[in-house]
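I've put the structures underneath this note.
Two complexes, one shared chain (subunit A), two partners (subunit B, subunit C).
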Partner chain A sequence: MGNFSVYVEMIRIRFLMMLAYRTNYYSGILIYSINIGAYYFLWQAIYGSQESIEGMSVTQMTTYIAVAWMARAFYFNNIDREIAQEIQEGKVAIEMIRPYNYLGIKTMQGLGEGLFRLLFFSVPGMVIIGLAFPIDFSNSITVWLLFIVSIIFSFIVNTQLNLLTGILTFFLLYNTGLIRGKRVVIDLFSGLLLPISFYPMWAQDIMGFLPFQAISYIPSMIFTEGFTGAEIYSALGIQLFWCFFLIIPIQLLWVIAKRQLIVQGG
Partner chain B sequence: MFYFSIFFQYASQYLKTRLTYRGDLIVEIFSDFLFQAVNLVFILVVFGHTTLLNGWSREEIIFIYGFFLVPYAIFSSFFNIWDFNDRYIVKGEMDRVLTRPIHSLFQIVIERMELESMFGVVTGLVIMFYAGNQLGLELSWYDPFVFLFMVIGGAFIYAGIFISLASISFWSDSKTDIMPMMYNIGNYGRYPVDIYNHVIRFVLTWILPFAFVGVYPSAFFLGRTEWYGYAFLTPVMGVIFLSIAIILWNSGVKRYRGAGN
Partner chain C sequence: MNVIEVKELRKEFKSYSSRSGLSGAFRDLFTRNYKVLRAVDDISLQVKQGEMVGYIGENGAGKSTTIKMLTGILTPTGGEVRVNGMNPHKEREKFVQTIGVVFGQRSQLWWDIAVQESFRLLKKVYRVSDEDYETHMKEVIETLEIEPLLDKPVRKLSLGQRMRCELAAALIHNPPLLFLDEPTIGLDVLVKMKIREFLKKINQKYKTTILLTTHDLADIEALCDRVVLLDEGKIIYDGRLDQLQKNWVEGKEVRFEFQHPVELGSLEMVSSQFDVKWRQGERSHQWIAMVDGDDDTVSKLMSQVMLNHSITDVKINHVSTEEIIRNIYEEGMSHG
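On to the complex of A and B.
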């Protein structure tokens, strides 16, 4: 794995890079608030006069949407696109002979970006949204701690899927379609747009076998206390399972990719 | 004329490049379909839990979505300027664009077109005809002409908003995450704007007029007479917003100083 401090340095550099551009993030918070606000009214119209749908009240739903989008700022990154670009430009050849693990470095850059957005975007954004809309913050420290654990897992699973998509560029050579497709699938199946419990039963069964719910549905349900007691721990177990399981295809593809690397220029 | 021939030359070059990586092209067209399906799934799932959205039925909402897809497809085929700042300003590509003999904005439009997005027009029409059929809508002789004006108006509004946002890069070259989020905000124009509170409604009508790319023009075809005024404003708003964008762009280009090497 090379030297540990190299990886920490990578987080720091990415963080500072993002910090240099921080002013524009304030406009981003405004846009996010409009986004969440529009969702709030949309859901109010959907609920109409109903007290609750699938065991969730309107307030819980608003909280769900708000926390799902704010958590997305933390786990979301573009390392799939970065990897694809480095492969296409031939830069990956240089990266591979450097004395560190390329995939590890990419993960750390994603983490640096995510931490930045968490501190300068999600936290202030959540405060503003909490003032503007009826959002339920839990009083229980345990819920908050479990939520933090859960979004760390979200980050890992989402990053692993990004790495996988990125590595596939080695085989497809041109990858924008897959990257776009993946993003769409994640938006829908991760529970960002709709809690998974809202889907018809057969769809829920299929999604149970996919890693996407580990990205958004689980942390958001923990935060809104839609999950309680043992449900929380089994949900965290699912996340943990995917964190480990996804290592297998990544390592496998990475080994094959290195063998059949075609540098397209650079 | 010169612009036309340049356009077709770029278009044919574009098709050649895309057909080189055929696998990716297919995946991309498929992922576009997937994207359109996602929004449809959202509507279907939501209506699994309610019958009316503030007085609008499921088929009406689906119809609005089908309409939205058409101007959106035209917009996303030709106006891929969401990464303008990164691609042209930060990397200095704008210098090259300015040396070309055609208008800088037109040059970027033809360089960045993604013609495969035009498939969205087909999807949109299919969805509209399906929903229209379910609702028992009648097609009059003038409907196709009105439709054309509405679609052009809608595409102009989208183009205008995104060109204006891209123009900001001439004044401030730092990164923003506004563009990707703007795509999300565009989605809210697809729902009846009377469900939102007055602030959001005002924003969607006059500031970021995405409502004119969905619910307002559709209201005409759905026979919602109370919204006809807004519906007929669609082409006007399109022309206004595109004009503002071009003025902003031109004055931005005048200010442009290059980004170093």
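On to the complex of A and C.
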């Protein structure tokens, strides 16, 4: 560690790689727009003539959906699949002969991917969506700053979960199913599709013990000002807790994984 | 000074086997049968600085596994490894700074981006200063003739082009020790020659120690004074290449092309007074005689054979390394 310029370089390389696959980028914009549009009309229908559900107005809900998807563009990355692939194809051997921390590098690649999408995708996308749908942007700088802090935590927690799933490939050797399952669980329990406050009480209680709400629910609630005052800080505290807590299983698995590394394919 | 110091190195793998049939598959869900395979079996080895060592063996003899332990990728099951004065697995990040590795079968360049971007990243990874990079890499790029390839993405390169770039990438930090795992696999003769020339050059210039595994013995003949022969995880020969040739063959190989197909029986009858082994060549007219003895014996044998059978061509060869190694694997080391 301690070689900062390598990590910056890694982000740059990831930018280049994202640019090498422009088609992916364009289709991504399309998929996200469809999703936001579909959820917008879905919620319009659900709200009907009601003013608010569970304390959220229809404008707040639209904003929530739009922000949740745009934040997803930033925190979401494919490093779980990449790690799995590198292990399955034996490429991890190459990574082990490099003088850097593999997990650190993977995290930076994820950050590169996230920043790329944030700059070239979320920001312009948000402007377009703001024109198309009635979205309520906060004009308080504090809210924006807290939101930025919060999506950084989202990125960390989501990336840590990706690292964890990726490392599990060392033990399972084939874990496409696990990766897919994890994605569904995150989309569902993180509050991307449905704010956590809409779930039944018992489900909310269980989710309170899981790291998923730190990924999408908290930043979206901060942005839509669904959280106010002390609620914001305790929410950020939860995110921070998971950022640190998840380091433990990752490091543990990584040490064991390295010891029993079997390189596939000779 | 010993660059590589290995004592009783061992690596065991668990190899799972599936039971047959449906009920077997169900039982596999709960308990699986496995055997412990010893891929590397108590190897001891020392390599001095500046040596070029050929590490050869059949597929599955344990070459790659050894290299992976020497480079810190795999943890040994037992034994001691010290490379460049360090324990490769324990001090991985510091250790890999002092080695260069080329795996012929997998790329270490980033597939989707231009070669020079990969180089630039590796330069940062290995913390190479601008001046060092300039002076050292300029020469490497020139010798390997990869200048025109630098702005192309790796996926668009041919195998020969990619391999030269891989080699350059492994040398960015000018490591004192270079591991090459089948670096010439699938390459044409010209590229092979270029790579060999280059390796010789850096070995002379920087005293780079090179450990090379290959199936192409011409690589070994061109580069290595010393060979280490591996069979089923054990070292069966460690010494000079010319010594191997000397120990193995005192005689010569004579290749006859007859005008007509010839029976083995009649050849053996004609040559019964000589210590000779006959072997059929690729065609029925072609026979190869392995003669034990000096030049005199060889010419006597030839005249005897030619008296009885008319020939179209005859050639005297030294027994090739390939032949020697094939013999060793077929008959064991007892002969030497």
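One rule holds for everything that comes next: the second predicted complex is superposed on the first by the 252 of 266 C-alpha atoms of A that agree within 3 Å, B and C clash if a C-alpha of one lies under 4 Å from a C-alpha of the other, contacts with A are read in each partner's own complex, and residues count from 1 in each chain.
The rule is simple: a contact is a pair of C-beta atoms (placed from the backbone, for glycine too) under 8 Å apart; a residue touches a chain by one contact, two chains touch by 3 or more.
In this text, all values refer to a predicted model and were calculated from it rather than measured experimentally.
S.K.: Both complexes share subunit A, so when I overlay them there, do subunit B and subunit C fit or clash?
M.R.: fit
S.K.: May I ask for the angle at the C-alpha centre of subunit A between those of subunit B and subunit C, rounded to a multiple of 10 degrees?
M.R.: In the superposed arrangement it comes to 80 degrees.
S.K.: Between subunit B (first) and subunit C (second), which, if any, makes contact with A:Leu173: first, second, both or neither?
M.R.: The first partner, subunit B, only.
S.K.: Thinking of the overlay built on chain A, is A:Met96 touched by subunit B (first), by subunit C (second), by both, or by neither?
M.R.: It touches subunit C, and subunit B stays clear.
S.K.: Per the contact definition in the header, classify A:Leu42: touching subunit B only (first), subunit C only (second), both, or neither.
M.R.: First partner only, subunit B.
S.K.: Of the two partners subunit B and subunit C, indicate the one touching more residues belonging to subunit A.
M.R.: Higher number of touched subunit A residues: B.
S.K.: Thinking of the overlay built on chain A, is A:Ile13 touched by subunit B (first), by subunit C (second), by both, or by neither?
M.R.: Touch status of A:Ile13: second partner only.
S.K.: Give one of first, second, both or neither to describe whether A:Gln50 is in contact with subunit B, with subunit C, with both, or with none.
M.R.: Once the two structures are laid over each other on A, A:Gln50 reaches subunit B alone.
S.K.: With the two complexes overlaid on chain A, what is the closest approach of subunit B to subunit C, counting only CA atoms, in Å?
M.R.: After superposing on chain A, subunit B and subunit C come no closer than 5 Å at C-alpha.
S.K.: Check subunit A for residues that touch subunit B in one structure and subunit C in the other, and list them.
M.R.: Shared contact residues on subunit A (touching subunit B in one complex, subunit C in the other): 20-21.
S.K.: Of all residues in subunit C, which touch subunit A in the complex?
M.R.: Going by the criterion above, the answer is residues 13, 64, 68, 71-75, 92-94, 96-97, 99, 101, 103, 105-108, 110, 112-113, 117, 120-121, 124-127, 153.
S.K.: In their shared complex, at which residues does subunit A touch subunit B?
M.R.: Those in contact with subunit B are residues 20-21, 23-25, 27-28, 31-32, 34-35, 37-38, 41-42, 44-48, 50, 53-54, 172-178, 180-181, 184-185, 187-188, 193-194, 198-200.
S.K.: Help me check something: in the complex, which residues belonging to subunit A touch subunit C?
M.R.: It comes out as residues 3, 5-6, 9-10, 13, 16-17, 20-21, 89-91, 93-94, 96-101, 258-263, 265-266.
S.K.: Taking the touch rule as given, give the residues of subunit B at its contact with subunit A in the complex, in rising order.
M.R.: 21, 23-32, 34-35, 38, 41-42, 45-46, 48-50, 52-54, 172, 174-178, 181-182, 184-185, 188, 191, 195-197, 200, 203
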